[in-house]
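Pasting the structures here.
Common to both upcoming complexes is chain A, partnered first by chain B, then by chain C.
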Partner chain A sequence: MIAVLLILIPLLTGLAGFAINRERGSRNWAVLSSVITLAVMIYGVTMAQGKQLGVDTTWLPQLGSRFALNLDGMSKMLCLLTAVAFPLIFIATYKNTYTNPGKFYALMLLSQAGLMGVFMAVDCLVFYFFWELALIPVYFLCSIWGGEKRIAATFKFFIYTFAGSLLMLVGILYLYNLTPDHSFALSSFYKLKLSASQQNFGFWMFFIAFAIKMPIFPFHTWQPDTYEQSPTAVTMVLSGIMVKMGVFGVLRWLLPIFPDAVSKFSNVIIIFSIIGILYASLIAIKQDDLKRLIAYSSIAHLGLMSAAIFSQQRIGIEGVMVQMFNHGIVVIGLWIVADAIERQTGTRKFSQLGGLAQKAPGLAILLVLMAFANIALPLTNSFVGEFLMFNGLFRYNPWMAFTAGTSVILAAVYTLGMIQKVFYGSVNTATENSIEANSNIRWVLIILAIGIIILGVYPQPVINLTKDTVDHLITQIQL
Partner chain B sequence: MNLIYLVPLFPLLGFLINGLFRKSLSKSLIGIIGSGAILASFIVSIILFNDVRTNGSMIVSYFNLLDIEAFKIPFAFQIDQLSVIFLLIITGIGFLIHVYSTAYMNDETNEHFGRYFSYLNLFVFSMLLLVMGANYVIMFIGWEGVGLCSYLLIGFWFKNNTYNYAAKKAFVMNRIGDLGFLLAVFWILAKLGTVNYGEVFASTVKFSASDITGITLLLFVGACGKSAQIPLYTWLPDAMAGPTPVSALIHAATMVTAGIYMIARSNVLYTMAPFTQTVVAIIGLATALFAATIALKQNDIKKVLAYSTVSQLGYMFLGLGAGAYTGAVFHVMTHAFFKALLFLGAGSVIHAMHHEQDIRNMGGLKKHLPITHISFLLACLAISGVPPFSGFFSKDEILAAAYLKNPIFYYLGAIGALMTAFYMFRLYALTFLGKFRGTEEQHHHLHESPSAMTIPLIVLAILSVVGGFIGIPEIFAPDAHMLEKFLHPIFAQSDSIKELHHLDRSTEWMMMGGVSVLIIVVIIIAWRKYSRTEQFVASHGIARTLENKWYVDELYDNVIVRPVTGLGSVLKNVVEKAGIDGAVNGVGRFVHYSSRQLRLLQSGQVGNYILFMVLSIVVLFLVFWNQPQIAHFLEKIF
Partner chain C sequence: MNAIILSAILGVIMMFSGIWVNNKATLRWIALAGLLVLLISNIAEMYGYRIWNVNVHNMLYFDRFGLLFNSVAIGSTFIFVALSGSDINRVGKYAAEYYTLIFFVLTGITIISVYTSLLMLFLGIEIMSIPLYILTGSDKRNLKSNEASLKYFLMGAFSTGLMLMGITLIYGATGSFSIEVLNNPAIAQGVSFLEITGMLFLLVSMAFKVSAAPFHFWTPDVYDGAPGVFTSFMATVVKAAAFIAFVKLFDARMSYSSAVVDWKMLLCILIIATLLIGNITAVFQQSVKRMLAYSSIAQAGFMLFAVFSMNEMAKEGIIFYAVSYSLATIGVFAVLLKMKDFTFEGYNGLAKSQPVLAFANTVFLLSLAGIPLTAGFFAKYFMLASVIQTGHYLWMVIVAVLFAAVSVYYYFRVIQAMYFKTGEGETENIHPGFKTGLIILTVIIILLGVAPNLIINFLYF
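Right after this comes the complex of A and B.
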């Protein structure tokens, strides 16, 4: 029942949230809802050991689709990330004002429900349904509450992801028709014995959808615009959690269903991923906009995850599991700082910033910590993930690991450049009236910082949590 | 023994306390906590040293940093002869630098004072992790940790953007080396599935020859970054942007010695890779000479010292490359004494001169700063290798080993030693001898530093003078090389692999005597020349090239930095905008059209539309539940 609750709580509170018009009320409603979800999730991960967490009831028997949810390690980890992230996002952006706040928060909660469903679905039709439920609210969130160029950005985002979704739908129906018992169940898809050409076709249908979502070079151009134009709370959801839908999709659907096609195309995809890593890192070096810098940095990090997955090494996939969680924590922290800076100074342009460390030393220290987590310094959480992922890539091909590895140097260049341009140097007209960020922001950042250090020193909980998924996946690939 | 964890714990606590409560603690309390933490570690280190001497090495494992199917990486410390020597150097000299800092940084506000000491403690903590770790991953944690701390401390005065630039440069150059280190770790893991020193060195048979060469070369790339060797040395001279005690810490007790430690630790692998050893020796020698030439013409007191560090580190690598692991560690130790002394002495001078660093504006400080002067002179004698000061013994050991590797290495190394003597005494004479060349106001304020600064100078001066006696060579007294005996277990495996050569005694006497005499001659020349200098003329030709450090920074800027950032610009402005995005441009026109439609939608009751839409999805979802007819219909479509 836990699985159903994780969807129902945000779904129902979200729907009810449309009726709330008062600003304070709607915020508190969202915080309350997300905290309850988090409590249920924590109960699900810790207390309910060995109990049946999922659900499997009839939905469309004639179509062979069942309302089936399951929580394996990877699902638990990603649902936990979703459950942890939403209350933190709500609290950190608590002081932000929106027109029609009730609707804003309602849509956010609906999106959360969609995300939970995506991560738990073990029926392809259910998966597709939640995939869309997660995305559709975001279209509205961006286009209504976004920045100046929000409409253009939203449409780019919409076109890309919608195209991806359609291809995926084609892929799903294609596979569905191949199943002997006409079923949408994940297990039936796993049992398919596909010929090489069938694998190739299905592979690309799914892959493009996931590649757009992650995003993998050259499908990434929607991302910087969308991240820049969306309201920051939405950007946090997009980059902290939603990009993991793509990674998750690859691990849950692509690898096990099309193992031969994965082996066949892995080389090409890894090369594109590595190009993307370096490409995004180089662009990040030249960025003058804080949000776009974080966006490109995120593209580089996701590129590494993609390369690690397609290197098909156990150790690399373990790294991806760890990194999916950790990247979410770090990138949300970075967005919170970026938002705080923009609200203080009215700008995100490095050329106009400087000297903030004198005005907001607390925020400066927290950003420095987030920044060093972003470049995977040891004893921060990202190190473990990157260490394992590079390790996997090295086993696949040392030269590729070396080429991708140069990104750790480039990451240092742009991340330290960011710190320098925003916080160091002398104060100027834009920054002279800045003060320390509000206590909500600081507390959320402190919580994230503690998480970063703890998981950096002792990453084993995430590894143990996702071990069953990795075990299962490895046996499937090897078949 | 279960005291081991205390060694890094004290500085970590010091970092946390001073870092978190820096606003509420008084300066003297901050100083006591900061210095006391290191003193406590030093005391524990002495206990551990005695323990190792009687009981040998020990490994303590606390928990698994990583525990996956492919390998386990324990969070474990290894205390043996090599690491305990480094512990003593790091905490002992680190403590003196902390004490010195309490006076040197006293002008800072409470908050910055606390920040400074917390960074300093974190620096020592990282360095302790680096040398105490029982495997390459723990070493790597400390390895990157010292990189972080140097970044924070070099850019300590963050209002100044040149300092920030120097800090960033240090970190990025270190990262280049770190990538090499990391790839070596992956290589070891892929072959052996373990990174624990003991297991790696015991299973070298599983490596092919090319594996060992590749791994050792990659590790050496890491060492080049951290220990400032060609081509990754340019960050170290710029790193003097930080407060002067920090330079002392970076150059003497922590950071730059990490590369030496790593290769000494991996000596078994290096001994099995003769090609790498030759590369190490050549790079070391080239760095030693190259940096020495630059040091000849520098006018900033800290720059001269910085290049002398680069040069001395080159000697240590020459020693490592020649297989003289003990000699290299020995030189790390003596160098730590006199280089810490030189930097702290320079700090005392800068303090007295009100932040003047140009030696052309100094001179005649001898009578105003008596303690600083004497200790600085002793340090100069030690670094120049004048017998019987400490540098003589360690440098001699390295040069003797270089001779055995290749006599040319020896001759070039000896030339470098002469240059060392020359630029050190040029520095000494211009600073302390002759007439005062600064402003009247500076002259008026000249004063000896407070005792918190002079006492560390005195202690270090004593160590610089007598420190060499723990490594007395065979020809003076048989069996008197205490350090070699102590370190023997660490290098025993290497010794068993390589064939041992010995210099015959007459050659050794000749070499030692000849070089010593030449060094003293050079010192006298420099002394006479620069104690009388009063006018400085702009330099030309080669001297100008040296003054501009062979234009290496400019070279890197034009050959690496600009092309990379230029490529970034092209990707950002051309490829990203026109190329990839252009493919979506067709869609873009559609976007433009549709956006107009969306605006119409927006003018209405947006929220209701959304609510309607989402509700309809949900209703659809529920209606579908067990609706055979619709399902049947859909089935037909499919």
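Right after this comes the complex of A and C.
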């Protein structure tokens, strides 16, 4: 039941949202809807048990597909992230104005419904449906409300991910055809005993789709352009939640179904991930644009997650679970600050910014905290995740862990460089009229900051929440 | 049988009503009523009620597959006339004749969906094609329409000639016109040179009819030159019917003669060439009408998978593909015909000036591209699944999905023009009834995208 509500609430409120034309009304409607979703989600995580959570009804009996959703630990964690992120995004960008606000918020809510579905589906066809459905609203959001070069950038993004998903569809149909009972159910896929060549074929079909979504080097080229051109609220959804679809896909579909192929290709993929980490970090150092810097930093972080997953160590996967949640919080915080700065000064270029700390000390303190989390300093939440992930990678191959570890230093270089260029130095023409960010932004950032510190000191809740998924995953891999 | 006889009778009725009725709008209502009667009579036959009991000497066999396709074809034609009827009336003076010819085309279609004798295939194809030659040239004062008609006629006659030759050779080899006798394994062992040549001729002529590359050259010119409404009809119902004939023909044959000629390989080449030429050329078009012509070639490439894989899933799939492709294309053309400018730029800003048209058009294009939640997704799904079920030629599936990703490029150019670019989006006057029709069609497409068993169940009930 909870699973159905989590999809239906944003879906129906989203569809109704198209009818609202007034600016204030549509914003409040979106906030209301997302807060209700959050309340249902909190109830689902804390109170609801077993049958109350999932749903399983016939959908397409001839094709062997059932409309089946379920919430295990990982689903709960990611749905919680989605449910928490949307109200925060809506509140933080409350003062932003859009043309056709009703449609903007409606599409945002529809994308939330799609994301929830992806994280809960335990039937492969249902999963594919939601995987695509999360993409369509985001495509329209970026293309209508984005920056100057939005049409070309988002088109590239769309075709890229669509090509990936079609390959995944081939993989899904291939596996479906191999199941003895001709079923799309996750459990039937898990039971498959695949030969080496079957695993290799299926592995690449699925992996390319997930690699494009994450994105892993060399499939990352759509990402900086799209993040830069999208309206910031959408960028938050994209980088905070949507990239987790790729990580989630690998953990839910790739690792358990193709364990042999995973261990066969893990070396190659970890090497590509590490190349991506270093490459993105180095490019991030050279960026002059705040949004692009965060985009490249995001590629680096996702690369580390991918490397940790393919190290196939329990501790590394635990780290990924923690980090998926934490990265979502931190990166949304960073985008909120970036948006606040752009709204104040009208520019994102470091060369034109400086001295903001004198004008907006509150914002500066909060950004510094977000930045520390981005570098994964101890006491921040990312430290826990990255520590576990490096630990897993170290057990797989110390040299690889060492090489990837240099990214921590590079992260410090670009993140602290960013703070220096934006907040310190002398006040100039672009920044002299700026004032403290509005109270909405500050409150959201304070909530995020509290979350960052609490999870940095006491990460156990997330580890406990996802323990069942990790246990199951490890047994699947070792079979 | 109901549909064959009734469609011919209704054609004659239409012709004479042109003498008594001068109002074109009334003619359209008569045609719609006729199509509805036709549809009901055909559905009645699916449930076993026959109006006429004619001894067809096993030359026709009314199985579920053929009858279901008849319903699909008649239903699509009904939606086509309902949506674009006013555009049919604008083509020229003689509206009654156009409706008459559409009914005669349906007579041909209802024959080729149930044929078991090659003679009937030939007759059906001819009955279907000849009215189309006339419809293509119906814009008499337009040079392009005349050229298209002549080109279509010459190419059509040539390919029909090849088909007849093929049938003759097969008759010479086996002494029978029936595709069931051909299916007999006893004959199969003695596969002769004559028979193989005959089959090759048939393959080529069918490839002409469905505009598969490299026999597609007539398609863009004919589709572009013909009056837009009739292009819509040709590219959807007629093309789907040709595919049904194709599937029925090669359903029986492909398995046994593969020792001599590798039919799978031949089809494989046809499919890849069709996908390549259709998709790549569509990318470079400036006119939406011409883009749709090439896209219909590309879609034919996908439909050829049904001929290629030849299993139960392919049969379900071709019916479903026919439905989803026909409905979406009829919709896209219906919107196109209302545009003042047929180029991509003509669509700029349509979302502002005509939000309903733009939204419906978006759903149709998403369906053609095969995005989930639209009927087009399951159409592609069935085609891919049928090939994967055969267990071989997996690389072809990968090639096909990569081309499907290319197709997104040109379909989405229209969406981009409508939603993200600024312009006037000029259209003709839009009747409120037209918008309602579009919304109904949109709902059908989304409904089939969520519950494809609405159609598939008919094959099994």
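The definition used in the following text is that the second predicted complex is superposed on the first by the 475 of 479 C-alpha atoms of A that agree within 3 Å, B and C clash if a C-alpha of one lies under 4 Å from a C-alpha of the other, contacts with A are read in each partner's own complex, and residues count from 1 in each chain.
Following the convention adopted for this analysis, contacts are C-beta pairs under 8 Å (C-beta built on N, C-alpha and C of every residue); 3 or more make two chains touch, one makes a residue touch a chain.
The structure displayed is predicted, hence computed values, not measured ones.
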item: Chain B versus chain C as contact partner of A:Y128, first or second or both or neither; value: second
item: Touched partner set for A:G25, first chain B, second chain C, both or neither; value: neither
item: Touched chain A residues, chain B compared with chain C; value: B
item: First, second, both or neither for A:P461, with chain B first and chain C second; value: neither
item: Which superposed partner A:F155 touches (first chain B, second chain C, both, neither); value: both
item: Touched partner set for A:Q62, first chain B, second chain C, both or neither; value: both
item: Which of chain B and chain C A:G362 touches, first, second, both or neither; value: neither
item: Partner chain in contact with A:L11 - chain B first, chain C second, else both or neither; value: first
item: Partner chain(s) touched by A:F201 [first = chain B, second = chain C, both, neither]; value: second
item: First, second, both or neither for A:L167, with chain B first and chain C second; value: second
item: Shared chain A surface residues [contacts with chain B and with chain C]; value: 60-63, 129, 132-133, 136, 140, 143-144, 151, 155, 159, 173, 176-177
item: Chain B partner contacts - residues on chain A that touch it in the complex; value: 11, 15, 18, 58-63, 67, 100, 102-103, 106-107, 110, 129, 132-133, 136-137, 140, 143-144, 151-152, 155-156, 159-160, 173, 176-177, 218, 220-221, 279, 282-287, 314-315, 318, 355, 357-358, 361, 372, 377-379, 384, 387-388, 390-391, 394-395, 398, 401-402, 405-406, 408-410, 412-413, 416-417, 420, 423-426, 457-460, 463
item: Residue numbers on chain C that touch chain A, as the complex places them; value: 366, 371-373, 381, 384-385, 388-389, 391, 394, 397-398, 401-402, 404-405, 408-409, 412, 416, 419-421, 451-453, 456-457, 460
item: Interfacial residue positions of chain B with respect to chain A in the complex; value: 63-70, 111, 137, 140-141, 144-145, 148, 151, 155, 158-159, 161, 164-165, 167-168, 171-172, 175-176, 178-179, 182-183, 186-187, 189-190, 564-565, 567-569, 571-572, 575-576, 580-581, 584, 587-588, 590-592, 594-595, 598-599, 602, 606-607, 610-611, 613-615, 617-618, 621, 624-626, 628, 631-632, 634-635, 638
item: Residues on chain A engaged by chain C in the complex (per definition of touch); value: 60-63, 128-129, 132-133, 136, 140, 143-144, 150-151, 155, 158-159, 162-163, 166-167, 169-170, 173-174, 176-177, 201
